[in-house]
Amino acid sequence: MRTIFEWIWLVPVLPLVGFLINGLGRKHLSKTMAGIIGSGTVLGAFIISLLVFMAVKDGSGAVTVPLFTFIDTTSLHIGFSFGADALSSLFLLIITGVGFLIHVYSTAYMHEEPGKDFAKYFAYLNLFVFSMLLLVMGSNFVIMFIGWEGVGLCSYLLIGFWFTNNNYNAAARKAFVMNRIGDLGFLLAIFWLLSKTGSVEYSEVFSSATLQKLSSADKTGITLLLFVGATGKSAQIPLFTWLPDAMAGPTPVSALIHAATMVTAGIYMIARSNALFSMAETTQHIIAITGLATALLAATIAVKQNDIKKVLAYSTVSQLGFMFLALGAGAYTAAVFHVMTHAFFKALLFLGSGSVIHAMGGEQDIMQMGGLKKKMRITHLTFLVGCLAIAGFPPLSGFFSKDAILLQVFEHNKLLYALGLLGAMLTAYYMFRLYFLTFNGSFRGTDEQAHHVHESPAAMTLPLIVLAVLAVIGGFVGIPEVFMANGDRLHHFLAPVLSSEKAVHGVSHSEEMLLMGLATGLVLVAVILAYVQTRKVVQKENTGFGKVLARKWYVDELYQAIVVQPLRQLSAFFNSIVEKKGIDGFVNGVGKAVQYSSRQIRLLQGGQVGVYVLLMVLGILALFIIQMFL
Amino acid sequence: MNAIITTAVWGVVMMFGGVFFKGKDTPRYAAIAGIILVLIANCLEMNDQVFFSPDLHRMFEFKPFGLLFNAVAFACTLLYFLLNGRDVARVGSNVSEYFALIFFVLCGVSIASSFNTLLTLFLGIEIMSIPLYILTGSDKRNLKSNEAALKYFLMGSFSTGILLLGIAFIYGGNELASFNINDLNLAGRMPAMIGVGMLLVLIALAFKVSAAPFHFWTPDVYDGAPTVFTSFMATIVKAAGFIAFLRLFSKSFGVLHEQWQIFIAIITAATLVIGNLTAVFQQSVKRMLAYSSIAQAGFMLFAIFALNDDAREGLILYSAAYSLATIGLFAILIRLEDYTIEGFNGLGKRSPVLGVTAVIFLLSLTGVPGTAGFMGKFYMLMAALKNGHHTWLVITAVLMAAVSAYYYFRVIQAMFFREAGTLSAEPRDITPGFKLLLIVAAALVIMIGLYPEMLLYWLHS
Amino acid sequence: MEIKWYIGLAVALFCIGVTGVLTRRNAIIVFMCIELMLNAVNLLLVAFSKMHALAAPATADFVTRASEAQVFVFFIMVVAAAEVSVGLAIIVMLYRNTHSVDVNFLNRLKN
Amino acid sequence: MNCNTVYITFPELLIWFPLIAGLASFFIRNQGVAKAWAILASIITLCISLTGFLYTDMSAERDFCLNNVSYEWLKYIGSSFALGMDGMGRMLTLLTAISFPVIFVATYRKSYAGSGSFYGLMLLAQAGLMGVFTAMDALVFYIFWELALIPVYFLCSRWGGERRIPATFKFFVYTFAGSLLMLVGILYVYQHTLPIQGFAEHSFAWKAFQNVQLTAGQQNLVFWLFFIAFAIKMPVFPFHTWQPDAYEQSPAPATMVMSGIMVKMGIFAVIRWLLPVLPAASLKYSSIVIGISVAGMIYASCIAMMQDDLKRLAAYSSIAHIGLMCAAVFTANTTAMQGVMVQMFSHGINIIGLWIVIELIEQQLGVRKLSQLGGVAHKAPVLTIMLVVMALANIALPLTNAFVGEFMMFSGLFQYSIWYAAIAGTSIILAAVYTLTMIQKVFLGESNALTGKIRDISWNEKVILAVLVIAVFMVGVFPQPMLDMVKDSVTAVLTKFRNG
């Protein structure tokens, strides 16, 4: 049993090696080689992860594997060490598993790139996997933070992968900067922990002895700052606007980073710190409300988007909101469960949309699509599965995870539940709107596009199929008690880590069934509504509230007005007034004053002896006067 | 005693030698030989080898400090003769007499460093001053030289009057009825008459060392006098003035230091500010150096302000550093036709030796570490701070030192960072010997800067 | 007479000299005023000498010392003579070049 | 301790060798020879410095003997020519030793008229810097402090840009005025020291300075005299205005020396000569100093966002980074202090790397305006990668060297005050903004007529930048050796500080 943990360092190192080989040899590697190296290293990591997962499942749970000392001073001890427990091993599986599929998919999707860029792409992707693995494997907050910033960097690199386009670059920059805002919160939280507990190791920080030392203000402060970190990475209000823009990157990247893995880092972090969060009620409320607000806001925006990837992006934001809602309600397992199922179906949806875009020759506007179900059978089927899963049709995976969340929220607060239900309806509506517009009806694009449309190659469809299967069966690890005793295996698996999970007591089985029925019914209504509305496609300008939604609630404009512009004006003020006229003006003014006084004093030297003598005599008198007064 | 006698005798020799010297260069060689002789004589006395030992009736007192200063002054004069001997000959036809006058000035310098009564002080100062009036006006056809001589003479005489009035009051207030500077039995209390006398003497000496507000003669005289004599006046003579100043005030009034320190502080501050600030504006390097000499005098005044051992050692160091650098700079300046700063443009490229040595001299004057000038300033500041509570004065001084970088570095900038204009004439008469001497002087500046003990060794042993 | 009268006289003479230097423009007269200053000092020195001699016990050493001031006066006279010769020479030279002995006539040297 | 068997110590070698090599270089007329000589000399210096590390595991006594030396110098005023290296000195001399060959090789392609003098002055500056970092006597320290400045002044004034003369002159006078104030401070402290040995009443020795007893009022006065000098050198807001001009106008190697090493002199001096000597005043004014440092970080970051000139951008970014170091030093926190130590080294490496890239661009294209560049990445991918790594290290991305330092510094700052840490923290966001904007405007996007001509870097530049990149990651991933190296210095300083 021990042996596999001794090899655990290989999990992140393999992708790192892939990154180095692809990165350094990008000019010399053939596309095939680059693809094999890229995917192969992740596959290797997946296999080890699987072994680790099995070991954790069978074994006693948490294992810490110290690698080397990172920072060790009199007051600060940070080891570079990895931890393997239920939570991290589950995430390892998701990351490497979905990651591998997306690597494979990418070999086909990116095939038209020149060889150099192809290898570069895989290098970035591998680097991302490496960082993400660090993030979840670290046994302390600093290692997590290293991965945390690392994934942000990779996200930046991949969003701006086609760096010729400056809009893409701007999107990449926006993503990085917004992430950094969150990172600052995370960082401050780490410092707070350090200054109060003297440690960043999970095992020490979350021990009950340590937790008792913290005052409630400390707990609230730390958790709030951690949550600020999470809002950045997981695209929650107020730091969510980067994620839709991040769709500028290649679609597989969107699938991997901006749907399945990176954006869930915030959930991972909070779930990881559940012991702390459960003791901070205020923060819990804030998380729940923020999550729900994000879910609804993003869902309403998604309703009016016409870009296939944008819809999915807002959908992701919305789903992440649900997860935060769960976290806020203390339903950590449900949140993690949703992370997992979401990884499956959202990756599936993104890859499916990638397949569509690939087939359409780069077209992303769903108004230009339609009727693709005949031409792209596999894509269509798998996409449909994804839509059903995300909408929460039983017994697909989304049903179970969403149900778990809603159930606990119901217990937590009825109003939140009601709004959550609304969110679920909206989800079903915009997803099926997307589905119908894309695959149903008649083709609305140009003839050229119509001619071009084709089913994608096997390297792309195979991952779709695998993910579709997972999206169907992924929910069975968490079957609620009401259907099957001890069906919620995920809960039992995660229990040692998520020990502060609130158990559901106040809802009877019949109530639970009723709630499920209600949710499913509402979703069905939403789907029908979507079908009805998309039967006749009319291109028309959005007006009134629709326009507000189409323009994304004007959030970007708001940020421009209240943050970006003032900052720019302040900087301009600093630069042109304070710096040039103020400080430098003062420094130069000293020089000028010296020159000026020099010109004035020289006038004493008028050349007339009489004046000189007079001045001397005055000097003498002055000295005598001074003497008299002393 | 040796120095006083030899300088006086050699002065007379040079004066009459003018009749007999035939060759064009003979007076120069004689002067060089004479100064070497004087230097040797002084060094002999430093090792207790005295030519005569008449009963001086406590009129003089020869202490290592004064003798060391003499040695520094004579060595600088030797360097000055070697560098500028030819230029002295260029001023006018009475070459031998010029050298004679310089020797008489040196006689005054040796008196100023060893006087023991107010009478000898007066004599020393007058022996220094009167030949300088003549030297200032030695370029007889030049109106500037005339004007400078007249100004110098009138104001110098005026200050002599003040000095004498001061001496008279001190004498009147001294119950021992003595002119001897050690006999002033003040014992913690300053009689009014002595107080007035002291202040008058202080003013007269401040005039001699060109301290503000009694400095007005300095720029005009230094500017108007033939450059070669300005070089001499501004360095060795001024340093001797300080030695006399320090000697009188430490011996006579040292016990009441606290009471008059404030006057020195005021004068020091005024000198530093006026000297440095006015120098900033100057376009002519010669005039700039005149103001710089005022500014440097401000620093040397710290010796009198502080009046402790560090100050005395510092004064020697400062004199040597300042004299070496200024003599070197004037030597270069004389060889240039154009005295404006533009005249220095591109000198570093045209003549690297001149450029580099000039930079070293200028850095020394600025007080950059590693040069003698730094050590001088360093000792002065150290002495001043040791003395107590006038930190503000020290801070003023260092800020003014920073201002001084402004005008010194303008010359450096001209030499190295600007291109020579088409009108810039080549420096004339640059012989290998001249270059070698400059290098020696620059090397001395650096060696003293790195190891001042080299100079002060003799005081400590 | 008390010493203060001598002091008063000498200082008055001195101040007259100073005033002359300040007000007159003719180099010769300025020079004469300076001489007046010197002579005021001479007067003062002699007066002090007498004062000390009267005030003190008449030991030989003290009398010698008290008379030093009178010797000093001679030195001042000699030095003044030397100054006169140099000064007049300068003034003559100036007159030759400019045909003026006005001290303010020449002011080429200024900033 | 009996050090009779030691003939020459490492600090001496580190000072004398570049000094002599530099002086010799003035007499070299041939440009190629001068370059080769400078590279050779600097590599030998590096070897000397590295050899010093081979001896660290010997006995403490032997180690002391090899790294400390004191010659009688001005014994009557109590100053001796004392040099010594502790961990901090070792680290900074290593930085100095590494930087110069890197700079020489990286700028090999560029030719300077009168290169003998050019490289001579560079080597003299190196000697001066070595002296600053090893001086164990206040007077010696002061002298080297200025000696490091003079060659740089000449370098900048002679080989700089168009407005070099006023810009470098401002730089010189500004720092010179500051140093003179420090001199007053040194002398003031000196008056109150006890003699270490021998003839003098007082002493300039570091030990004597450390043990000096000053009243609160005296400390307050001296504190500002010292601090202003150091603040100008670092420079921290609002004493920084000489810096952008000087960096912009200086020749690239001089800029690298200034920003890579010389600014560390200020931080170093605070740690060695300010905190232990004036503990009470440092404590008293720490909040003010940290306040202006933090304000300066934000201020400089804001201004950096507005810059259109690569050099000025780097200059302002450097001011922001130095502000953090300055703030961290004054928290008097062990973690922060160690962070500062690492960061001094890291910042040196990073900023030199950044300057090299900027210089390479300017050399080829003749411009460094963000608005005129763009799309460099198309033609010069390797250059771009190197710059991106350096830039990311500069904004303290984890696993780069700067992260370690900044993490520790922020951690210390946080313990000092959560608000200072939070406000200072916003600068890491702003740093991301201006750094990424710079990358975007220079390297990304479409290439234009100008940047279309750029060639990728040659092998020597590649090697040098690769070395720097490796250093970035080495320190970033394994900072512990460096932390161990400076541990003793930090402990010593803080023990003194807390007791005093």
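For reference, chains read A, B, C and D in written order, and residue numbers begin at 1 within each chain.
Here is the rule we use: a residue touches a chain if its C-beta (ideal position, glycine included) is under 8 Å from a C-beta of that chain, and two chains touch if they have at least 3 such contacts.
Model, not experiment: these values are computed from the prediction.
Among the remaining chains, C is positioned farthest from subunit D, on the basis of C-alpha centroids. When the interfaces B-D and A-C are ranked by how many C-beta pairs touch across them, B-D comes first.
Per-chain CA centroids place subunit B at a distance of 42 Å from subunit D. Separating the centre of subunit A from that of subunit C, both taken as means of CA atoms, is a distance of 97 Å. Computed centre separation for the pair subunit C/subunit D is 65 angstrom, with centres defined by C-alpha atoms.
Each chain gets a centre from the mean of its Cα atoms; for subunit A and subunit D, those two points are 38 Å apart.
Within subunit B, contacts with two or more other chains are made by residues 150-151, 154, 158, 162, 219-220, 278, 281, 406.
Shared interface positions of subunit A, defined as residues touching 2 or more other chains, are 591, 602, 605, 607, 609, 613.
Residues of subunit C found to touch two or more other chains are 18, 21, 103, 107-111. You'll find the chains touch as A-B, A-C, A-D, B-C, B-D.
The part of subunit B that touches subunit A in the complex is made up of residues 150-151, 154-155, 158, 162, 195-196, 199-200, 202-203, 207, 212-214, 216-217, 219-220, 259, 262-263, 266, 274, 277-281, 403, 406. By the touch criterion stated above, subunit C contacts subunit A in their complex at residues 18, 21-22, 25, 103-104, 107-111. Those residues of subunit C lying in contact with subunit B across their complex are 3, 7, 10, 14, 17-18, 21, 27, 30-31, 34, 37-38, 40-41, 44-45, 47-49, 51-53, 55-56, 62, 65-66, 68-69, 71-72, 75-76, 79, 82-83, 86-87, 89-91, 93-94, 97-98, 103, 106-111.
Subunit D makes touch with subunit A in their complex at residues 170, 173-174, 238, 240-242, 299, 302-303, 305-307, 333-335, 338, 375, 377-378, 392, 397-399, 403-404, 407-408, 410-411, 414-415, 418, 421-422, 425-426, 428-429, 432-433, 436-437, 440, 443-446, 477-480, 483, 487, 491. Subunit B contributes residues 118-119, 122-123, 126, 130, 133-134, 137, 140-141, 143-144, 146-151, 153-154, 157-158, 160-162, 164-165, 167-169, 171-172, 175-179, 219-220, 223-224, 278, 281-282, 287 to its touches with subunit C in the complex.
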